[in-house]
Each structure stands twice: as C-alpha cells, then as structure tokens.
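Each in structure tokens, the structures are laid out below.
One chain, chain A, appears in both complexes that follow, with chain B as partner in the first and chain C in the second.
This part shows the complex of A and B:
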C-alpha cells in the first residue's frame, strides 16, 4: 500500500470517484452555458448581469469552479507522479498546483459574489 | 526471398550502449515461418544473439518480444503478420535489459507476488475438496489462462512510469482471478491492499494490454471489475 500525501483524496477510489463526479458537474455546466448562449436573442451586459446575479447560478458557477479545481488537482497530481521523478521538483510542482487551484477558487468566489 | 531483420543488441560486458544490428535471412518463397523460427535461424548465423524461448507454442510465455513496435510472443507470430520491408525486433519495453532480447522480469514478478496469486481459504478444510458450482467456476474463464509473458504490462505506459507501484494489467488480471473465486475467503483484505492511488487506479484504460495479449484476454475489463468491487465497498 502506497500512501499519497499530496493527492486530494487519500485513496485511489476517493480520487477516482471525485474525478468522475466533478466531470459530470462540468459537463452539466458547459451544456447549460452553451444552451444559454445559443438560445439568447441578444447577449449584452444586462443579460450577463441578470444571469450571474441569480443566487442559484452563482452557486452553480461556484460548484463548477470547485469541480475544475478538484479535477485539476487530481489530474495534475497523476501527471506529476507519472512524469516528474525527482522528489524535490515533484513536491514543489504539486504544492504550486494545489496553491494555485485554491487561489483560483477564492478569487472566483470573490468575483461571483461581487456581481 | 531475402528478409531483412533489425535486431536490438546489447551486451553489458562489451557494449557501452545498445545498438541495432541488421541481419538477412533466406525465406522460401510462398512459405511462412514464426518469428521465433527466424530468430533460431539467425542464431545459427550469429551465435552471440541472445533471447529466451522454451515451449515454442505460445504456452510458456518465455519469448515475449517487441516486434515491429508491438509486443507479442515470437513463437506464435508469423512473419507474414509483420508489415514492412524490415522486421524490427526489440526486447519488451520498460524492463531493464540483461542482454540483447533478454529482459530482467524481477519488477514484473514483484507486482505479481503482491496480489497474493494463490487461493486463501481460512475456513475449516473440507474432507475432500472445495467444491464450486459450474457458474462460479465459469467466472474464472478469461482470467486463469494468463501465462505471465508480460506482453501486456510492458505495453502499458502506466507500468513504464511506475513499475514499482502500479500492479500492471497482468497482476491485476490475476488479482481479479482470486477476488472473484468463490472459494477464496480473503476478498476484503485483497481489496484493502489494492485501494491506493497507484495499484489499480493508475490504469487509465487505454487498453494497450487488450491489444497485445497473445491469449486474447481482457485485463482492462478485469480492472473495471476490481474498481466496481472497491466502489461497492466504499460507497
């Protein structure tokens, strides 16, 4: 049994299931978003503002953003454990990815609730 | 008809690095031969050429090689199945080369050992034998036939990058063979051993293993079943 200190879930199953669920959320968000763009008669500032000022869409967007963050964390962790062999560089890379993901999440939340 | 061969050569005693050596072999027009027979004929030309072989009929799994970029058993791969003017033969990828086409299989066997590839039954021993219904027995079909030739694991990039942590398609096929065996009582601890980020879950489902298996087995499907078993337990 290999313990993984920097992966999101500590078990393979945990990571695997998170990646599948976040993928479903992202697919739903993209489909809704494309549907919105193609069904809207005009797309201008007021339409965007109206869309993003609804609480349910803010929650949906934040959920999608969190899904990207978790999906990316797991994905990049897997890529780094495949291709980056020196432990030091791997740890720095993983730490950077995790911190960057969290920064994006905080920044995104601030933008969404700023509308 | 003259056939050209380009064969990977490396002798650690005399060579500083591996090289490809060209050979030519006279093959009778309209005839076909297996790659292993061609290698044996080439060994008569050059006795220093080293490779493993034993049963010469696809049962022992000794002569797993990379032929024209695809892993397979030399003894059951006809020359006619290999396209191109030159047949390029290399050792199985990803494993350390001992000499020429002979690779060190230790890492592959270590992963095999890890899955405890033997029946464990902690119940009171029966008077004669552990009986199994024909239905339960049929669950082992497509699993027990593995001959451990390593063609699948050495064609798997996940095994190339993490051969010490990812069990690999061959080992996982064996793991499932005992997980699904109705006579085995260690299912829970076997599953617990596999639930880390590498052992099973490093499989990305690219199915190279299925593509190359000389016995026509499906390790990807077995891995999927292991995932489902872990999921049922963990949800």
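This part shows the complex of A and C:
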C-alpha cells in the first residue's frame, strides 16, 4: 500500500472527506460574500471595516482561510503525485506547499484579528 | 505493492476529450488560485486602513489589475462550478460516460458564462 505521509489526512478517504467539507465551507463563504457585495450599492470603507470587525465574521473568515489552506494542501498533493516523478523533487515541492499553507494561515490570522 | 499502478501520468501521451479538458482546467485553476492566496491576503491587509482601501480600489480601476482580478475571479467561479459537479457525482449524478460528457460540457459553458458576467460587473 502506498502511504501518503505528506498528504493532509491519514488516508485517501480522510483526504476525500476533508476536501469536500472545506469545499462546502468555501462555497458558503463565497455565497455570503456575493450577497454582501450585491446588497450594498457602493462598498464604503466604513461598511467594509465594520463587516470584518464583527467577531462572527472574523471566525467565518478564518474558517474559510483554514479551509482554503487545507483544500489547497490536499489538491496540490494530488497534483504533485501525478506529475512530479522524482521523489526528492516531489518531497521538496510538497514541503514548500505545506510551509506556504502555514505561512498564509498565520499571516491571514494576524490580518483578520488585527482589524 | 503493485508496480503496474498507472501513476505519474505522461501528459504528452493523452488525447483531450471534453472530460479531460474540464478536469484539467479544474486542476490548473486550482494551482493558480493556490498561488494567488498571498495577493488576496495582501489586498485584504491593505484594505483595512483608510488610505490602503482607497489605494486598492484605485488599483482595481487600472486595466492591468482589473484584468488580473477578472482572471482570478473567473478561475474561482470555474473551480467552484467544477467542484459542485464533483459533489453531484459523489451523489451518483452524472457518473456514466454520457453523463460525464454532458457534465463537462455544462461546467465549461457555466464557466464561460460566469467569466462574462464577472467581466460585465468589473467593467
């Protein structure tokens, strides 16, 4: 059996479920955002900042960012196992992806909680 | 372990039926959206100061930034539509060869439509 040590979940099924749950969270976030944008005629700075200063929306946004990161982690892992043949290069690539994901998550948390 | 598993695909050896095109686009848009995360975060960070908000809004009135925003949003729209199709297929809808072709076609048409709508909205 091929073990997926560099993927997010511990099995293909685990990855599969995480990929779907995060996808649904992201779709919900996008739909909410579309509603917000089209219900306001012009998006003023004050309206924008107020949206992101509410705690529930900070939580929703960070949940969405975490979902993006985990979704991308699994997606990039799948793509890299298909197209990058040499193990060394693939592992370096996957390590880069994981570090990139964590960096974005930490940076995003700092941005969202700095408002 | 079975060494004959068809892993590490050779892209050059493939034909490109519509199902491969829609699937390939789902992958490519996913990779590009992944790479775009820092740009979204940067814009978000800037937008929370009054000056930065005006700056980002001003950037988006320029043709290059607008084109990039259009591309990214269109890719996001396509990725979501193709993702919804995946969820439908998980539920057993459109899993036959014919259903797969129809699904791919639908997803591509919806992708083009949403790209057009996003373009109209941005310009």
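Side notes on the structure shown:
Here is the rule we use: the second predicted complex is superposed on the first by the 115 of 115 C-alpha atoms of A that agree within 3 Å, B and C clash if a C-alpha of one lies under 4 Å from a C-alpha of the other, contacts with A are read in each partner's own complex, and residues count from 1 in each chain.
Definition applied: a contact is a pair of C-beta atoms (placed from the backbone, for glycine too) under 8 Å apart; a residue touches a chain by one contact, two chains touch by 3 or more.
Nothing here was measured: the structure is a model prediction, and the numbers come from that model.
Within the superposed three-chain model, A:28 lies out of touch with both chain B and chain C [touch as defined at top]. Contact with chain C, but none with chain B, is seen for A:49 once the two complexes are overlaid on the shared chain. In the superposition on chain A, A:83 makes contact with both chain B and chain C. Of the two partner chains, chain C is the only one that A:107 touches; chain B does not reach it.
After overlaying the two complexes on the shared chain, residue contacts for A:98 are found with neither chain B nor chain C.
Looking at the shared chain after the overlay, A:18 reaches neither chain B nor chain C. In the superposition on chain A, A:63 makes contact with neither chain B nor chain C. With both structures placed on the common chain, the touch criterion links A:115 to chain C but leaves chain B unconnected.
Taking chain B and chain C in turn and counting the residues of chain A each one touches, the greater count comes from C. Shared contact residues on chain A (touching chain B in one structure, chain C in the other): 1-2, 81-83. Looking at the complex, you find that chain A touches chain C at residues 1-2, 20, 23-24, 26-27, 30, 45, 48-49, 52, 68-69, 72, 75-76, 79, 81-83, 85, 97, 100, 104, 107-108, 111, 114-115.
Residue ranges of chain B in contact with chain A, taken from their complex: 157-158, 161-162, 165, 192-202, 227, 230-231, 234-235.
Across the interface of their complex, chain B is touched by residues 1-4, 7, 11-17, 78, 81-83 of chain A. Contact residues on chain C toward chain A in their complex (touch as defined above): 1, 5, 7-9, 11, 27, 30-31, 33-34, 37-38, 41, 44-45, 47-48, 50, 53-54, 76, 80, 83-84, 86-87, 90.
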